[in-house]
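Going in written order, the chains are labelled A, B, C, D, E and F, and every chain counts its residues from 1.
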Amino acid sequence: MNTPLMNQLGVVKRHILRAERGHVDHLGQFGSATVHEAMGRVGLMKPYMRPIQPDQLVAGTAVTVLLHPGDNWMMHVVAEQIQPGDIVVAAITAECTDGYFGDLLATSFMARGAKALIIDAGVRDVRILKEMGFPVWSKCVSAKGTIKSTLGSVNIPVLCAGSLVHPGDAVIADDDGVVIVPAADVARVASIAQKREDLEGEKRARLAAGVLGLDMYNMRGPLEQAGLKYID
Amino acid sequence: MNTPLMNQLGVVKRHILRAERGHVDHLGQFGSATVHEAMGRVGLMKPYMRPIQPDQLVAGTAVTVLLHPGDNWMMHVVAEQIQPGDIVVAAITAECTDGYFGDLLATSFMARGAKALIIDAGVRDVRILKEMGFPVWSKCVSAKGTIKSTLGSVNIPVLCAGSLVHPGDAVIADDDGVVIVPAADVARVASIAQKREDLEGEKRARLAAGVLGLDMYNMRGPLEQAGLKYID
Amino acid sequence: MNTPLMNQLGVVKRHILRAERGHVDHLGQFGSATVHEAMGRVGLMKPYMRPIQPDQLVAGTAVTVLLHPGDNWMMHVVAEQIQPGDIVVAAITAECTDGYFGDLLATSFMARGAKALIIDAGVRDVRILKEMGFPVWSKCVSAKGTIKSTLGSVNIPVLCAGSLVHPGDAVIADDDGVVIVPAADVARVASIAQKREDLEGEKRARLAAGVLGLDMYNMRGPLEQAGLKYID
Amino acid sequence: MNTPLMNQLGVVKRHILRAERGHVDHLGQFGSATVHEAMGRVGLMKPYMRPIQPDQLVAGTAVTVLLHPGDNWMMHVVAEQIQPGDIVVAAITAECTDGYFGDLLATSFMARGAKALIIDAGVRDVRILKEMGFPVWSKCVSAKGTIKSTLGSVNIPVLCAGSLVHPGDAVIADDDGVVIVPAADVARVASIAQKREDLEGEKRARLAAGVLGLDMYNMRGPLEQAGLKYID
Amino acid sequence: MNTPLMNQLGVVKRHILRAERGHVDHLGQFGSATVHEAMGRVGLMKPYMRPIQPDQLVAGTAVTVLLHPGDNWMMHVVAEQIQPGDIVVAAITAECTDGYFGDLLATSFMARGAKALIIDAGVRDVRILKEMGFPVWSKCVSAKGTIKSTLGSVNIPVLCAGSLVHPGDAVIADDDGVVIVPAADVARVASIAQKREDLEGEKRARLAAGVLGLDMYNMRGPLEQAGLKYID
Amino acid sequence: MNTPLMNQLGVVKRHILRAERGHVDHLGQFGSATVHEAMGRVGLMKPYMRPIQPDQLVAGTAVTVLLHPGDNWMMHVVAEQIQPGDIVVAAITAECTDGYFGDLLATSFMARGAKALIIDAGVRDVRILKEMGFPVWSKCVSAKGTIKSTLGSVNIPVLCAGSLVHPGDAVIADDDGVVIVPAADVARVASIAQKREDLEGEKRARLAAGVLGLDMYNMRGPLEQAGLKYID
């Protein structure tokens, strides 16, 4: 088994293998909940990661950046590595709530073709970011700025909000959260998600018509076997 | 004194005594803050319970469900016990942030006549839930799904977000929080709330005209007696 | 050095020196992030202070109030000290999540000319407050009311959400947070903020055109010197 | 179903039905974990309740007190209701971290025969409390004192750290936490706990001898059936 | 009113006015709870500040240091400003849990005569610190080290864990928490604390003899007046 | 780059490559702080992971287990995979505070030669665990037991308290925290740690003699260059 390069600081990896665009776009037709189920219930970031804007769904490929607490120097380094369709995933080496990212960096990221930012820390200028239409999922919002004095790394595997993210992995984010799909798994996961989705339409119609999940999923037997008792 | 049936697992109580509809509807004309005051400042859930949608006020009768961490099996069992006008109150036996509830269950709950869900855990598909117009108050939002393997109970008294809820109690929820009114108290509490509300219109007019609360409530004497000093 | 009057309870200071209106208005043209940078990165309240309404920016002069947990008596005392253009900054002597402030007090504060409330505790009636157009930044929302039985103080220096606030200081609040500018510093800070802002327009244009921050800020040399390595 | 008297403030109930001493003492031979299992996994307070002293196990009957945030007046009222063998269970009407209890109150409680204090808030003088040998389980430690100005109640049912406690219930507390056994259930729960304990000695011996739980509990079949796969 | 120099970074103040030794030593005869009461219930740090060692009580004069997240460079600068009897009070410009301080710095601080460290962040080498007998109150413990690249300040007023600390103020810390007494107030506060303490011996004896606080403090009348009702 | 098998559930890997015993033992001569520095400041678990016992330092090789919230079935499966010198690292698929581990499992783990348990959840029977001398680092303590009904996995890479752990990695844990050293890096990291340690003795002696870090590390020049100013 290959140990990820978690402890390389001061490294920028220029060439990464991105998940195939077609499959990532396919994943982007489903919400994070469906993708997370299709993954076998792994890969989801912690629920404290929240969007600064409502009702957005994005899908893209991860470029990763590891930053120090209170220091956003590497944000400028990662900007150069962005390709159209990428989503920047930013991890911090320790807990931090500072605002690492505002409207100027967003302007630069958008000019490079970035689709969103996922950051395990704070952002600022959120009113302007929403006006610009640049989606962000973050731990918090904070006006507190950062300095530029310490190296981190770009495009190494990072731990972000409880998920392991390799550069090139697919990132699916919406109001329900952020889920990571390993680049090697996007086709398989998109296919499973599609099957789930195909089945949901009919289920929804039956439930809307008043059929109970108890009957639709044949749960009455198993519940009785498990010992469920009805009393008056 | 009667000990509540807190430790019965695997039980579904089919017949419960619901708070009278007319009084519940009356309570629904006031916000949670007014009802909470009318209750004598008890019955409020902890402030971490937040709506997924803004500007909603609902009032209904509680059907309760007790679930295990990471397991939403009993959500299907409780669905069958819903009657029009009910609000499902879901408690978990331990802290959990998983997404127990999404658009399919919401479809089923709405088909049964449920007015809202109150859950001391997470929900998902929140964008769709808002589009469907099904109100939810929850501890968090999470794309993480749950399994269906362990029994809980339905319509037993539960502790939900710091409030004791008996099946049939009135539930009032809005942007300020969720308050529970025991079924036996709805008429009395609605009457007190009405009296508070009746007085507020005049007070509001006087305050808007620049009258100070200090004068309107005759506070200057008590404040001076308590030792308040004005300095320059 | 002058020790602030932190331990005077039961005191209302009637005459305070407010930051000059013109400079405060000038500060109000910038967001909290810009002002915080211009301050040298101090004076920002903790990021748990969040607005109850989106997309608002206010600037005003602080009148301060120190309250006891669960007791909002002094809110009525501070109301009398409000002058048009003031922002009430409310601190509590211990952690508390109660709803100290609702629509009646907001009506009174607005009648006195208050521009906003900043409170290190909870508020309620938030739907109505938004309709009234009275902006609030708070730690939380809670329907739980308070009693009126214990003295606090008005217009003493307070610690609110991690910031020291003297009466008369400028308060700048928006979606990014709340920043305090000492009354003596408003002219200087506004001037620095203006210079930052003047430079940002050109920077934004260049970044939007695809110029990288790495080049615009001449970071490539310092990064290489710090040891940054590019690999393939 | 009987609604508990949760909303009676300003009430002291003098005569309560205490769980039978013999059964409470019997429960005190087991730790909170065993009792909690014997209860069917209900009745446990939240894990933030921690002892101020290590290695203590106490069992007694609850006298309850409901207090306001920052106000310990009712602590003196509850003292009079203590009988030898009682444990005081103190709940607060809102989140509070103040130090409600110190060495003077502990002296008084000990003189009345109290065996411990369980409080969903803070305590102080903890070094002296440990020297005095008065056990306390609390949410936190804080030197911050309280005032004496607002009524609460004594010996009403309270919600303390997520558990419902009726006066007279058995309280079992040790390093693992605090569990409440309804007075009506003490005999039955003690008997179940005893059976669990009787079986544990033999199990422990077998496990110590190297027998695996997999074999001792016959888990290999069910695990295989559930789909567990061994790979190399 | 004098605005504290909160926003001076990169400054070391060499000459500070320390609270008088005799009064500080006098304060050190009381615990933090007694001193906090004598202060009028202000000056206490938040209760998350905990000692790494049990059963210690220290009193000294504050030398203050303001540090950046993840950067302990100024710890070496403050070491030079320590005089025998001082306690270092370390604040961070943003939330941080890193371990800023270990056995080497403790060796240096002890050599300079420091009596303790109070830090609103993490420390490490705690087993060795306890063996060395150097007391620490901190927000947490963390093995995570820090860098040395950003300036902070020494001996400016700082906000540490919710308390305003001026250099030279008295610091009293024990198991109950950390309280700050302004240098100008030490004599007055020590005198009030002494009076409280003098009264406590007799009170303790009476309570131990079974006298109730209800009677000793003459609370029965006020409680009845407030509406307290005894029921059976 | 090899994507870790994070999403295989229901898998037990029997043969893992353990870090070499000699190097692990060597690492065990240093504390977690020194090892973490030697690693380049990566690999440390979050500081909420605390020991249940003071003053312990352990080093061993990781066997990993991934569990579901509220379900400890896989604890029995992992027991069989333990070899002498191993440390069990237990991760949960979602936040959970239940007590997954008590004295019976500890008896079994000790019989298999386990040196410790690291768990991102709760444990119970902590008094007995301490008496048995079985060290545990956990997120919390809770008497709440778990069920046995859902598969997880054994010896797959897991995310535990913010660290990525591969089976066979070295685990170093003491009062300062828990650090993970990839199996491939143990020799290198032990060598760096040894060098750090060798230098510390002399440094400690000089600091104890009153030499300042400012001089010992030649910091005065860089500080002046960075703009540090001394004032009186």
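Keep in mind that, in the parts below, contacts are C-beta pairs under 8 Å (C-beta built on N, C-alpha and C of every residue); 3 or more make two chains touch, one makes a residue touch a chain.
Since we're looking at a predicted model, the values are computed, not measured.
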item	value
Neighbouring chains common to subunit B and subunit E, by label	A, C, D, F
Centre distance in Å when subunit D and subunit E are each reduced to the mean of their C-alpha atoms	32
Interchain centroid distance [CA atoms averaged], subunit C/subunit F, Å	41
Rounded Å distance between subunit B and subunit D, as computed from the means of their C-alpha atoms	27
Residues within subunit A bordering two or more other chains	41, 93, 95, 97, 144, 150
Contact graph of the chains (line, ring, star, complete, other)	other
Touching pairs - complete list by chain label	A-B, A-C, A-E, A-F, B-C, B-D, B-F, C-D, C-E, D-E, D-F, E-F
Complex interface listing, subunit D residues touching subunit C	68-71, 93-98, 144, 147, 149-150
Partner subunit A, residues of subunit F touching it in the complex	1-4, 6-7, 9, 17, 39-43, 46, 93, 95, 157, 159, 162-164, 166, 182-185
Complex contact set, residues of subunit A against subunit B	31-33, 35-37, 41, 44, 47, 50, 54-55, 57, 174-177, 179, 200, 203-204, 207-210, 212-214, 217, 219, 223, 226-232
Sites on subunit B touched by subunit A in the complex	10-15, 73, 75-77, 79-80, 97, 99, 102-105, 107-108, 110-112, 122, 124-127, 140-145, 148, 150-151
